[in-house]
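There are structures below to look over.
Two complexes, one shared chain (chain A), two partners (chain B, chain C).
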Partner chain A sequence: MLNRLYRWLDLRYGIGEIAEKELTGYLLPRNINEWYSLGSVLLVIFAIQVATGMLLMIYYVPDADKAFKSVSFIMNEVPFGWFIRLCHAVGSNMMVAVLLLHMLSTLMMGSYKAPRELNWVTGFTLFALVQGISLTGYLAPWSQLSFWATTVATNSVSAIPVLGPTLVEFLRGGKLVGPATLGRFFALHAAVLPVVIAALIGAHLFFLKRTGVSAPPFGRDETANPFEAREYHYQGHPGGIPFFPNYALQDLSSISIYFAVFLAVVFFWPNMPFTPDAFVPADPFKTPAHIKPEWYFLANYQTLKIFPSELLGLSVQAAAMTFLALLPFIDRSPERHPLKRPLFLTLVIAGILLWIALSVWGHLS
Partner chain B sequence: MIAKNILAILLLAPLLFLQPAAAVAAEQPETVCIQCHGSMPDRLGAPVNLWRGSVHAENGISCNGCHGGDPKDAANAMSPQRGFLGAPKEKDIPAFCGRCHPGVYKDYLASAHGRALGAGGPTCVTCHQNHQVMKASLALINEKSCTRCHSFERARAIRDAMSGTEARIVGISGRIEKFQVSGVDTEKMGKALFAVRNRFHTLFHDVDVNRVKSESAAINKELDKLDQALKVIDDEHARRRVVGGIAVAAALLLAFLFHAMKKTYD
Partner chain C sequence: MENEGRRKFLGVCVAGCTVAAAAAAGYPVLRYLAPRSGQGGAAKLVIPAGELKEGDAKFFEFAGSSAVLIKTSSGQLVALSAVCTHLGCIVQWVKEKQQFLCPCHGGQFSTDGTVLGGPPPRPLAKIPFTVTEGNITIG
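Here is the complex of A and B:
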């Protein structure tokens, strides 16, 4: 039966040729490692977020008077509603965590270097957009946590000279966070950002397909990878391992490990994405005592607090983000092995330690 | 002047949003009552320190909440025109407190304590103190306090009948709170417990041992229902953890199998 279906499709669309080119004949470097499978894990996470988001939209009401109750209804009345909501909430945190690991591995293996500058730029933009989609989704339950975290987050935009106050009002749809903000954020969260993210994922994969997969710098004598921009050149890996079944099995193995961690959090640590304020309806007249942003915004939050002015704090963060986004155009040496790039390695480790320290400080402050 | 104030508020308001935690942590401004009496010696200053340790201070109820007057205007703070009532006479104390605690006042008047008002019977402050007001709890029913007026036998019997119920109410309240902060809709249970707790609190001023015992039994039946509802949620969560454990184990097994299969191709 399957053979007949395959033959039917192959005669019409040549799927055998596609499978040969994209799966069994798609060769990857022999020294490819597990870190390369994080991209596939991220695709799975994004798919889960889209699917659970669609399911949540069946019962969720993006109206300030009804949003909190609709989320409570999902959690308590809808069959498996708690599971779908927890998957969505935990998934958003996991997506940021896996994205960070994916970017870290790209940094350490120098995979962002020419000719893969745009792979990095699209990936970095995706990281910013994922943070954006998480922030806009944060308001959706219309809880105390949602309301006040959004108030603090949108308020930081006011530090931008001249345009700041206008931008804050534009973001909020009014002077303060209110029903108009929920409408805007929900539209961004459920319609605009997913489409933009999907398009950028497409671009990211397109660039990957056109440049070819970069070989890891480990386990080889020659680790420099000079790029001479004379004519288009696809970096193939003759004698490499086929994507299917070899690396597809590695992808499946990594995805299964991800599911083990993800489900462990959903079932055994369901409060991970929440604080008690997440289960209290939003009250604009009652500021909670210790409102904090999500863990991945804690470093930004603390940076804003340690500088004497918010503008300075924002400028430092903007400079750091711009530096990271344009890294492939700044770091142009062909060497890719981290141990042969001591300055780079020192900066990366210092950067990670600084980020962790600021996050912990932000959490404890 | 008004324009200046508005300007100051507009300029400072964003700071509240920048540091919400700090804004909340800031103490409420002291009333003029506290400012003056706080620095006075002896009888006139003592109530301030006592009040600081009271359930009233804990809940933001300041001097003017009971004694009236204007807490913002030192010159007229104790003016009767601004509603200043002063200290009540002993027989007026229950009505004084009863303005905010009408239910408790009614229970008190119906009790043997209340019936003895004006004839040497206790008032609210006899047990709860006057400025260092203590929250109603079974700890207030103790030998040292009760034996100031009568023997402790009956009070002990009442306290024993109520202590088990109070422990159950505290336990159930904690369980409901735990569920509430994990997304469980506890509104109905919270309201039911609130009603049971209020019913239980009416017994605090009852000195009829038999009535306290029978009411405690009825209240415990209500608590049984809440206990059962909580157990259903507990069981459901335990089932989820079992399913979760199986799902995690299955994912790990798959990871191992895929890894083993990959090895065969290497």
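Here is the complex of A and C:
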């Protein structure tokens, strides 16, 4: 039956040829490692976020008077509503975590170097957009946590000289966070950002297809970047391992491991994405004590606190983000092996330690 | 030959796991999407008989659908489904003619639900009711 269907399609559309080119004939470097499968894991996470988001929209009401009630209804009344919502909430945290790992591996293996500058830039922009979609989605339940976390997050924009206060008002749709903010954030979260993210994923994959997969710098003598800026050249890997079945199996293993971790959190640590304030409806007249942002914003939050002026704190972060975004254009050395790049390795480790320290400090403060 | 057998066995295992995973993910989604029971309105409804004048009709929600109670000019009570049997629009009561008209495609029904004209293939369904102490109990 399946063979007949395959033959029917192949006779008309030549799918065998595509499969040969993109699957069995798509060769990857022999020393490819597990880290290369994180992109596939991220695609799966994004698909789950889109699917669960669509499902939540069936019962969720983006109205300040009804949002909290509709979320409580999903959690307590709708069969498996808790499951769909937890998948969405935990999934957003997971997406940021896996994105960080994906970027870290790209950084360590020097895969961002020429000719893959735009792969890195689109990836970095995706990271910023994922943070944006997480932030805008955070307001949706209209709980005390959502309301005040959004107040604090949008307020930091006011530190920008001259334009700051106007920008904050524009962002919120009013002087304070209110029903107008929910309308804007919901439109951004459920319509604008998913489309922009999907388009950028398309661009990211297009660049990957055109440059070819980079070979990891490990397990070989020659670790310098082979790129020469003379003419377009696709980096193929003759004699490499086929994507299907070999690497598809690795992708599948990584996705399975991801699911194990993800579902373990959903079932055994369902409060991970929430604090007690997440279960109290938003009250614009009562600020709860100790409002903290999500774990991935803790370092930013703490940085804002330790600088004497908010503008300085914001500028330092903007500078760090710009430096990271433009890294392929700044770091032009051909060497890709981390152990042969001591300065780079020191900076990366110091950067990670600083980020962890700031996050822990932000959490405990 | 042994390899063939192994390959087939693994194939069956993978297919089985895929089906199991799809079922595990599909069941919650199906339950989540299923219409909630008990949301279709009351299965019994009491209407005071005094609410209805002769020649008038009263539309109401009954068991998750639309229904109508009429008191004909001869004083007879009739309860019918208000859903047109053609394509499911809600019929309207034309008091002057003492008949139902479906505004979608012009189906016409008499006071007892019989098709008088137009495309409807069946009469309007009758709904049982009882009258006790001035109250009409539908269902």
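The rule is short, and it goes like this: the second predicted complex is superposed on the first by the 364 of 365 C-alpha atoms of A that agree within 3 Å, B and C clash if a C-alpha of one lies under 4 Å from a C-alpha of the other, contacts with A are read in each partner's own complex, and residues count from 1 in each chain.
Keep this in mind: contacts are C-beta pairs under 8 Å (C-beta built on N, C-alpha and C of every residue); 3 or more make two chains touch, one makes a residue touch a chain.
Because the structure is predicted, anything quoted here is derived from the model rather than measured.
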Contacts of A:I58 with chain B and chain C, given as first, second, both or neither: second
Which superposed partner A:F268 touches (first chain B, second chain C, both, neither): first
First, second, both or neither for A:N76, with chain B first and chain C second: first
Per-residue contact with chain A, leading partner among chain C and chain B: B
First (chain B), second (chain C), both or neither touched by A:T322: neither
Intersection of the chain A residues that touch chain B with those that touch chain C: 77
Residues of chain A touching chain C in the complex: 55, 58, 77-81, 83-84
Complex contact set, residues of chain A against chain B: 72, 75-77, 82, 85, 148, 151-152, 155, 158, 241, 245-246, 249-250, 252-254, 256-257, 259-260, 263-264, 266-268, 270-271, 274, 276, 278-279, 287-291, 310
For the chain C and chain A complex, residues of the former touching the latter: 28-29, 31-34, 36
List of chain B residues in touch with chain A within their complex: 14, 16-18, 20-21, 23-25, 180-185, 240-241, 243-245, 247-248, 251-252, 254-255, 258-259, 261-262, 265-266
